[in-house]
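Presented sequentially are two complexes of chain A, the first with chain B as partner and the second with chain C.
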Partner chain A sequence: MTRARLPLYAFLVLLFVGFLAPLVWALSGSFKPRGDIFGYPPKLLPDPFTLDNYRTLLTEQPFARWFLMSTVVAAVATVVSVFVCALAGYAFAKFRFAGKRLLFNVMFSSLSIPFAVILVPLFVILVKTGLGSPWFALIVPWVAPAFGIFMMQQYIVQSIPDSVLEAARIDGASEFGIFRTIVLPLLRPALGALGVWQFLQSYNSFLWPLVLVSDSSQYTLPLGLQTLFVSEQRQYDLVLAGAVLAVLPAVALFVLLRKQLLEGLSTGAVKG
Partner chain B sequence: MSYLPAAPPPPPRRALLRGALGLGTAAALTACGGGSTTPRTSGDVTLGLWTHDPGYEAFFDKGIPEADRAGDFRYHLKVTRAGAPDVVTKLLAQAVAGRGTPDLVGFEIGSFPRMLRGDIAERLLHDFTPDIEAVPGLKEDLLPARTAPFSRDGRVYAFDSDTPMVVYFHRQDLFEKYGLAPSMATWEEFAEAGARVHRDHEASMCVVSTVGSDPGQVVQSFQMLLYQRGGAFFDADGTLVLDSPEAEEVLRFLCRGLRSGFVVEVSDYYGAGMQTALKRGRVIGLPMAIWYKNYGLVTNVPEQKGTWRVRALPRFAKGGGVTAALGGTGFGVVEGKANTRAATEFLFRTWLTHEGQVRRFTETGYLPTRRSVYEDPRLGAYQDEFCGGQRLFGLYRALLPDVPPFHQSPDQSILYDVLGGNLLRAYHGDLSPRQALKQTAADFRDQAGR
Partner chain C sequence: MTTTVAGPPGAAPARSAPKGEERRPRRPWAPYLFVSPFYLLYVLFMLVPVGVSLWLSLTEWVGLGPPHWVGLRNYRLLATDISFHRALGNTAVFVLVALCLVVPLALLIAQALNTRGLRVRDLWRTAYFVPIVVSPILVALIFGLVFDRQFGLANALLRALFGTGGADWLGDPDLARVSIALVMLWRWTGYLTVFFLAGLQNVPRELYEAAALDGAGRLRTFTTVTLPALKPVTAFVVVTSFIGAAQIFEEPYLLTGGGPAESTLSVTMFIYRAAFQRQQFGYAAAAAVVLFVLVFGLSRLFNRLLGIGRATS
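Up next is the complex of A and B:
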């Protein structure tokens, strides 16, 4: 570390503390009795320290079911969507077909449509086609996100030369074989980045599960935690404990995929 | 007294076809017709109940034996909980999709105006008017002030959970310590004493909320005193009547109070800002609805149990009453379903009976919406431990005639948005009270188109 860089590091440390503060406050508050959460002067360390908030959350609320529902739905949606986006992105990047440009532009322009606009039509379509069961319908909106397809298309155009694909074709590989054995491995960093983004999108989704699910036992985490905030009786103690637990899968995913995420955001798989 | 509502309405599909107006609401109504709509008349019935508050869930759950005894149904409940505004969003989406609507819905008062837009309430909710008339004496006994927020064109679409009177909460110990006379009768006297208390002790006797992200809460502070003074936001026809001399007087009073320290700004009535102000003794009194004791005081400062008291609001020297009303939750029944009749009878046999209304107070802390229940000796004998054992029902009975009606408009959310912003500008001295109200009326007309 050079002296000239000290101000930069000091600034970064301050920024880090600023970003971390809400999480630390939530963590600290989750171990305090409700009446102490906004105590004055504020205390960083809980005194008295209590696990009651977590105990109440896990025993008196269906938190475990909400957690399971959210995690399973987000995981399945992530795996399926990453695969679909890679497939569609590959098609847009490397194949010629009638209406390709129009289709791509339509897909791309759909990025500007807020989800709230398509919420009710999508819900009606799923119900009328008999596909409105929560497990299926909670996943459907996330399986082919326009952003993911666009990201994959851009990544493939920039990172996978046509010559690699042509060589595979000359060697007799099938188109799906090329996709599976050449394209997907080369896409790994981008898939990691998209996977994290996609997981968080589904995991944090509120409006769609709200409309779709009426059985409290099938609530996802954001929906379940909202029920703890009913009326003016705001159960900050339980909400903070729930928020701390809810953030764990996202943190774990980030830790596991950190390398791919950073590579995906910064470099291409093949240098041209 | 029998609690048998009127006979079931004619087949809903016919009614729906007759009234087919807008495409959206037509879809919503068709939704009600999804599945069998042949009314159930007896036997086991599972009612879908949507509510934002587990307190209501517990109340209705305990009421099942009473309802079973009184009629031909054997009730079961399937409860869905969601945030107050989310209940309406979810209901409308399910209605449009044609499946999954509940039988019984709790509408927090601030969310109900969305049901008043177009003909949504008329088509989606059961009109209780004939049911009320079918029960002898009920119409006269129900407080019109509490059916008004959930009514339109003379039809009642929901029954309120509360008569949420606005009272003056105060710290008795600090009032005595600071030498505040118990006999102050007007807000003007309060404000004068409040300026002194703030100067000498850095404490305030009135509060306005300034949480910018929650216009409803910003509006509440002004709304309570406006209605007490005899003003209103909307009249019975839903016409904006905010720009009045009463409104100007109240807003000027609050602005002056903020300058003198009699009134203090807090960021949030229910969260960190208020809790800190209460714990530090910066707020020693405030006008608020009776439910604030449970949701604001007991939650935030349980250690101050026994030090708080309740009294009637001081009057404004120029007129008005001694109370207002703030909040409430109306329970309605979705029309045109097989369970519509069963749900209506359930509501009449739990929510609206004398015993039910007594139980509502003892279990949830909400005041009866029927006049006669206020005479019940069990309620008269009730002592409030948080308020130092104070017997509060005598006070509530005395305030009852002064509870003003609160009429809602489908465009209420627009008013709250524009009013919230202009109130903040007035509080901060950027606009005069007169300008703030004129600006609000102009902004509302621009955005609501009327």
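Up next is the complex of A and C:
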């Protein structure tokens, strides 16, 4: 490393610490007794070290149920939305049809509709029509994100040659058969990226579940943790442990598919 | 969810459908069938709610019984509602923070990460991106602790470095805004860095070599080579950040509850409060329509100004 590079690395390390310090602090705090979390000066290593926060959380709070609720909802939403996006993205990338341009622009402009605008009516509609069950309402309104279609469309244009599709057509494959047996497998990296993104969106979502779910037996993780957070005695110790456990699946997914995610996200943005 | 955050990149380049190799299929209905799930969901969960929002905004409704038609009264009330003005002002501040702090910092980091021969690039890139994986409740919790007046990390750090550190981070109106801004910075910078870095890696090396031959310094190279080449990405990032910051909710809701004295109340929080805490559904809908007009209109304007769709050099 040359001397000239020193400021650069100093900058990167400083940011590194800045970005990770709060997380490390939370991780360490989750192993401290409640009184120590606020100890001054803050200690990096928990001393005494305790697993009590985790034990209490898992035995005295319905943490497992929150966790199950969140992961199942997010998994279903992810699978469905990835499929819907790939299908539409493929049509936009590889077919010519009347009204395509209009449909594409309509799809795209939906990205600038703020969620807060549909929050109230969506709640009213779903509750009044009896479709407000979390299993439906936490999943279905979110399975067709325009961003995902755009991402798929960009990826398909760049990476799936027409000749492959042409050959399949000459062999007499049906249009959907081509999609299923040729396009989907070739799309795998992009599907992974969109899948992680969609999973994180659903798994971490807060405002919509906060509005929609009133029955505490159907709380998602963020809602459950919030009850500990806003309760009378602010159970920081439990929330910290819960937050660490909650973030594990997200981090695991991210680590596994990090490369695809980071590259997939920027598909489309680069060329504008 | 696609909610309050800089969500999935939502820049909405109003580009035309891409050209390229396309063909007319043997079964002309196939593409319509393929896009139909999206449009079905789009109509049901986007268009219909927007329509209902417009209609609700002209009524008074507590959530029970039939809504009363009141015409434009909700809008007239909003025009004189100091809380709503505060919410708009605060949201404008958060948007400015996103555009004037988060975006430039992301560009700076991307520039640093793009240095040739940088070691462990992947480690840096990952570390800066990690906050995006963390759920808002955890973010709020951590920063609630960081900003704690007595024992928080922020004051501990200030005390260690400067010997003073009694700042009331979340209790003082101005500082509360600063705190929210810091959280935004922490949460979104790494995410935006991903886009800038991808853009930088796409700049043809020859352009830099040509600039070097011309004897351009670092700043000149940046303004004449890097920035123009980054224009599409920048446009994308700016519009995405704008749309995201304009709907900020979780940070103020969880960290400050919109306080103190409504100094961090955002428009989305205002809507949430009106509808779900005060049962003023019509009033909330009217505020939502105002937000819609502002966000939709301004993001169109940004698109036009930044030339998305015709910026490829």
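Simple rule for what comes next: the second predicted complex is superposed on the first by the 230 of 272 C-alpha atoms of A that agree within 3 Å, B and C clash if a C-alpha of one lies under 4 Å from a C-alpha of the other, contacts with A are read in each partner's own complex, and residues count from 1 in each chain.
Just so it is clear, a residue touches a chain if its C-beta (ideal position, glycine included) is under 8 Å from a C-beta of that chain, and two chains touch if they have at least 3 such contacts.
Just so you know, these numbers come straight off a predicted model, no measurement behind them.
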item: Three-chain arrangement built on chain A, chain B and chain C clash or fit; value: clash
item: Touched partner set for A:48, first chain B, second chain C, both or neither; value: neither
item: Which superposed partner A:214 touches (first chain B, second chain C, both, neither); value: first
item: Which of chain B and chain C A:132 touches, first, second, both or neither; value: first
item: Touching partner for A:227 - first (chain B), second (chain C), both, neither; value: first
item: First (chain B), second (chain C), both or neither touched by A:35; value: first
item: First (chain B), second (chain C), both or neither touched by A:143; value: second
item: Partner chain(s) touched by A:172 [first = chain B, second = chain C, both, neither]; value: neither
item: More chain A residues in contact [chain B versus chain C]; value: C
item: Chain A residues contacted in one complex by chain B, in the other by chain C; value: 37-40, 119-120, 123-124, 211, 226, 229, 236
item: Residues on chain A engaged by chain C in the complex (per definition of touch); value: 1, 5, 8, 11-12, 15-16, 18-23, 25-26, 29, 37-42, 84-85, 87-88, 90-97, 100-101, 103-125, 140-149, 153, 157, 162, 166, 169, 175-176, 179, 197, 200-208, 211, 221-222, 225-226, 229, 236, 239-240, 243, 246-247, 250-251, 254, 258, 262-263, 265-266, 268-272
item: Sites on chain B touched by chain A in the complex; value: 27, 48, 50, 52-54, 79-84, 86, 89-90, 93-94, 96-100, 102, 108, 269-272, 275-276, 279-280, 291-292, 294-296, 299-303
item: Parts of chain C lying in touch with chain A, wherever the complex brings them together; value: 1-4, 7-18, 20-28, 30-32, 34-35, 37-39, 41-42, 45-46, 48-53, 56, 63, 109, 112-113, 115, 118-119, 124-138, 140-146, 148, 150-151, 153, 156, 160, 186, 190, 194-195, 197-199, 202, 231-233, 235-237, 239, 243, 246-247, 249-250, 254, 267-268, 271-272, 275-276, 281, 284-285, 288-289, 291-292, 295-296, 299-300, 308-309, 311-312
item: Footprint of chain B on chain A - complex, ascending; value: 34-35, 37-40, 119-120, 123-124, 127-128, 132, 210-211, 214-216, 223, 226-227, 229-234, 236
